[in-house]
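You will see chain A twice below: alongside chain B first, and alongside chain C after that.
And now, the complex of A and B:
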């Protein structure tokens, strides 16, 4: 793909900006909202998945496991996300092969962020049009970690954050609602409420996705489990 | 002529009560001729993590250097000390990468877990098959003699001073029955707050 181009397509503007990355960030901001909250005993990932009634909603997922102890969600371009899922999974397994140890969250975040940075500098490619929210449980330190990876390759550790459409309002909402003593159950509740702020229409178990990362690992919740949580907020 | 007995070596590691000890001989020889009596075969990989490398002398040095390379990068990337079990997997991986042209070393690993200070010993073959034991591990040209000595002298929960005596007698008497190993011995006793190095007075033949 990039064998013929020896020069980068992402170049500096006179003001010192890399406009391609700015545009990629705009693509993320136009995507469906995603929210993540770190609680004392785990992390919740939540995202809006609006599909038409004709879609088979079970066949495509936004919240995906990367390793037994790490999962992620995105806002932005779905096809770009798929590429990153594959790369992240392979990197996590390479780590396991060498060290016989589950990959610490920061390590996989750094590796994926490095991949995303490559695509802003390599020849003939464009930046990824996604921001990732990666949630993992570190067994060594026995605590959860939440990170965001941007199209530029920058990564940030968060206690709670929102990305995608209306993310500014989402973060303001979280600033008010977040507390250090939040437990996972309450965090799920808060995440759903944050999504609800920008949600048009009725939230059902088929148009949102939830994922949980705790001591027992990462898993995506089934629609019936999502339904139970939704029932609590009505 | 076997490549593993070209230079000659003796390595042993033992578990004690909240401590581990690792000992090696100091001979560097080229078949029958002794060239040096100060050849180190035990290398520090962390404050309480040591690896002993018996086998071909050039590979002893190369493997030690390449492992240090990997461990240093690991510690920089992960911002933490490597744990003995993870280190064992790293050594295993390094050796298996050369499955069809191996490094001629049989590593012996001894260390204490970072937080719990639980003792750990392990050994592996030249292509990285790991073996974790709860008592002792041996390696080198006189491994058979070392097995015999350790099996008779070792008992569980030895205090550091007693462990030192036990491991010293094991290695001294084993190398005395091997022409290619000996010419001095060194012992490292690793406890949670300090590491003591002792050189043994041995038969210099």
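And now, the complex of A and C:
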């Protein structure tokens, strides 16, 4: 049952472009917006999660922990994201097994980006239709790191960024409001405002998700905590 | 953005189209509606119910074998909507995954883990060119030890989620609209109300007054977590009550 195509589906066009990767990036740009901001004492991840009233909101989450000190969020295709969560969690534990310490953010980012690159070159597979925002706290350096991973396998370190729908406007918004001295509480506030720019309808604790990564590790905020932050905006 | 030159394969295998879509996955969704069936699932306070149509097109067919309700484990059941052969294949895989879990870990697979596993397999078909996505959607029901009654649905895209109520198939848009109006944030339906809601949803969107032989109903309850199919006499009781209410 494991017959495989022996040739890559992602091939060069005459102009030298890898169009499957570009199309994958288009798939990301059509996805729900996600925002991340690095503050002096931590990182906030925020994403829009619009679901119909029939959904059980607790059954599916976009912001997921990878290790105690690393978490991530995505924009793009949910099912592809689940594959990367699985791989990232396993890679983080393999690192722990080998080196007996929590995986530094750059290390997990490089490993996952390498997985995403494989799917642009291996036989019979298409690239992942997701961009990831990975947030981690490095205990040796005692500072936060924020990275973005693209379908191409490229990764970038950011101070603040937005991905998904309207990401250009999101980044412009962030450029104006970002400052090096930003603290986590203010960063959460700014992240929510950035999401609000492209949000249609009323923002409630059921249609956005927030995650925080600081010295104490990564965690997703509960709906009641999200509600408190939203109350501060209005 | 210039319309890139897709060599035309984006409609034949699961690679990206210029807009970033997967046409094969979208076509798989359409294949679910081909059979013309609709299924509805509703989660109550202490029970979960799935209802689907029952059509026996030929008098020579054995009606007992024409079913879309399947038992995956003794306490997890499902309703399959879409292409019959793909449905049976997915059910067999789900049964294998559940048994394998019990063998390896010594306890019954939690329903959300099973659903995620099936959804992950569906995702592989959307990313690997050699296997096409399956033209069917699986709705799982069961009573979870930690989370109580659960209703989950997975689809050809590899997406899955838990629901308070959901439908699949030809009339899913109308059925979902019907359900959205009836289901509030904190829904506490009794078993009888859950079954009645599911059946009346199907009746309304199919614009049909069903006979007990024309639908099949699968249930799990907290009192009896074993997945079972209601007998025709039980279905009759519900149908009578729904008719009298109108």
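Throughout what follows, the second predicted complex is superposed on the first by the 231 of 234 C-alpha atoms of A that agree within 3 Å, B and C clash if a C-alpha of one lies under 4 Å from a C-alpha of the other, contacts with A are read in each partner's own complex, and residues count from 1 in each chain.
The definition used in the following text is that a contact is a pair of C-beta atoms (placed from the backbone, for glycine too) under 8 Å apart; a residue touches a chain by one contact, two chains touch by 3 or more.
Keep in mind that what you see is a predicted model, and the values were worked out from it rather than measured.
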- Message: Contacts for A:61 in the overlay, against chain B (first) and chain C (second): which applies, first, second, both or neither?
- Response: neither
- Query: Counting only touches as set out at the top, which of chain B and chain C does A:189 meet: first, second, both, neither?
  - Reply: neither
- Query: Touching A:143 in the superposition: chain B (first), chain C (second), both, neither?
  - Reply: neither
- Item | First, second, both or neither for A:98, with chain B first and chain C second | first
- Greater residue coverage of chain A in the superposed arrangement, chain B or chain C: C
- Based on the superposed arrangement, let me know which partner A:30 touches: chain B (first), chain C (second), both, or neither? second
- Partner chain in contact with A:177 - chain B first, chain C second, else both or neither: neither
- Item | Partner chain(s) touched by A:165 [first = chain B, second = chain C, both, neither] | neither
- Return first, second, both or neither, reflecting whether A:119 touches chain B, chain C, both chains, or no partner chain. second
- Message: Per the definitions at the top, what is the overlap between the chain A residues touching chain B and those touching chain C?
- Response: none
- Note on the structure: Listed in rising order, the residues of chain B that touch chain A in the complex are 77-78, 80, 85-86, 89-90, 93
- Message: Give the list of chain A residues in touch with chain C in this complex.
- Response: 3-5, 9, 13, 19-20, 22-30, 51-56, 58-60, 77-80, 82-83, 86, 119, 124-129
- Residues of chain C touching chain A in their complex? 1, 4-6, 9, 13-22, 43, 112, 116, 119-120, 122-123, 126-130, 151-152, 157-166, 176, 179-180, 183, 185
- Task: Note which residues of chain A are touching chain B in the complex, please.
- Result: 97-101, 104, 106-107, 110, 140
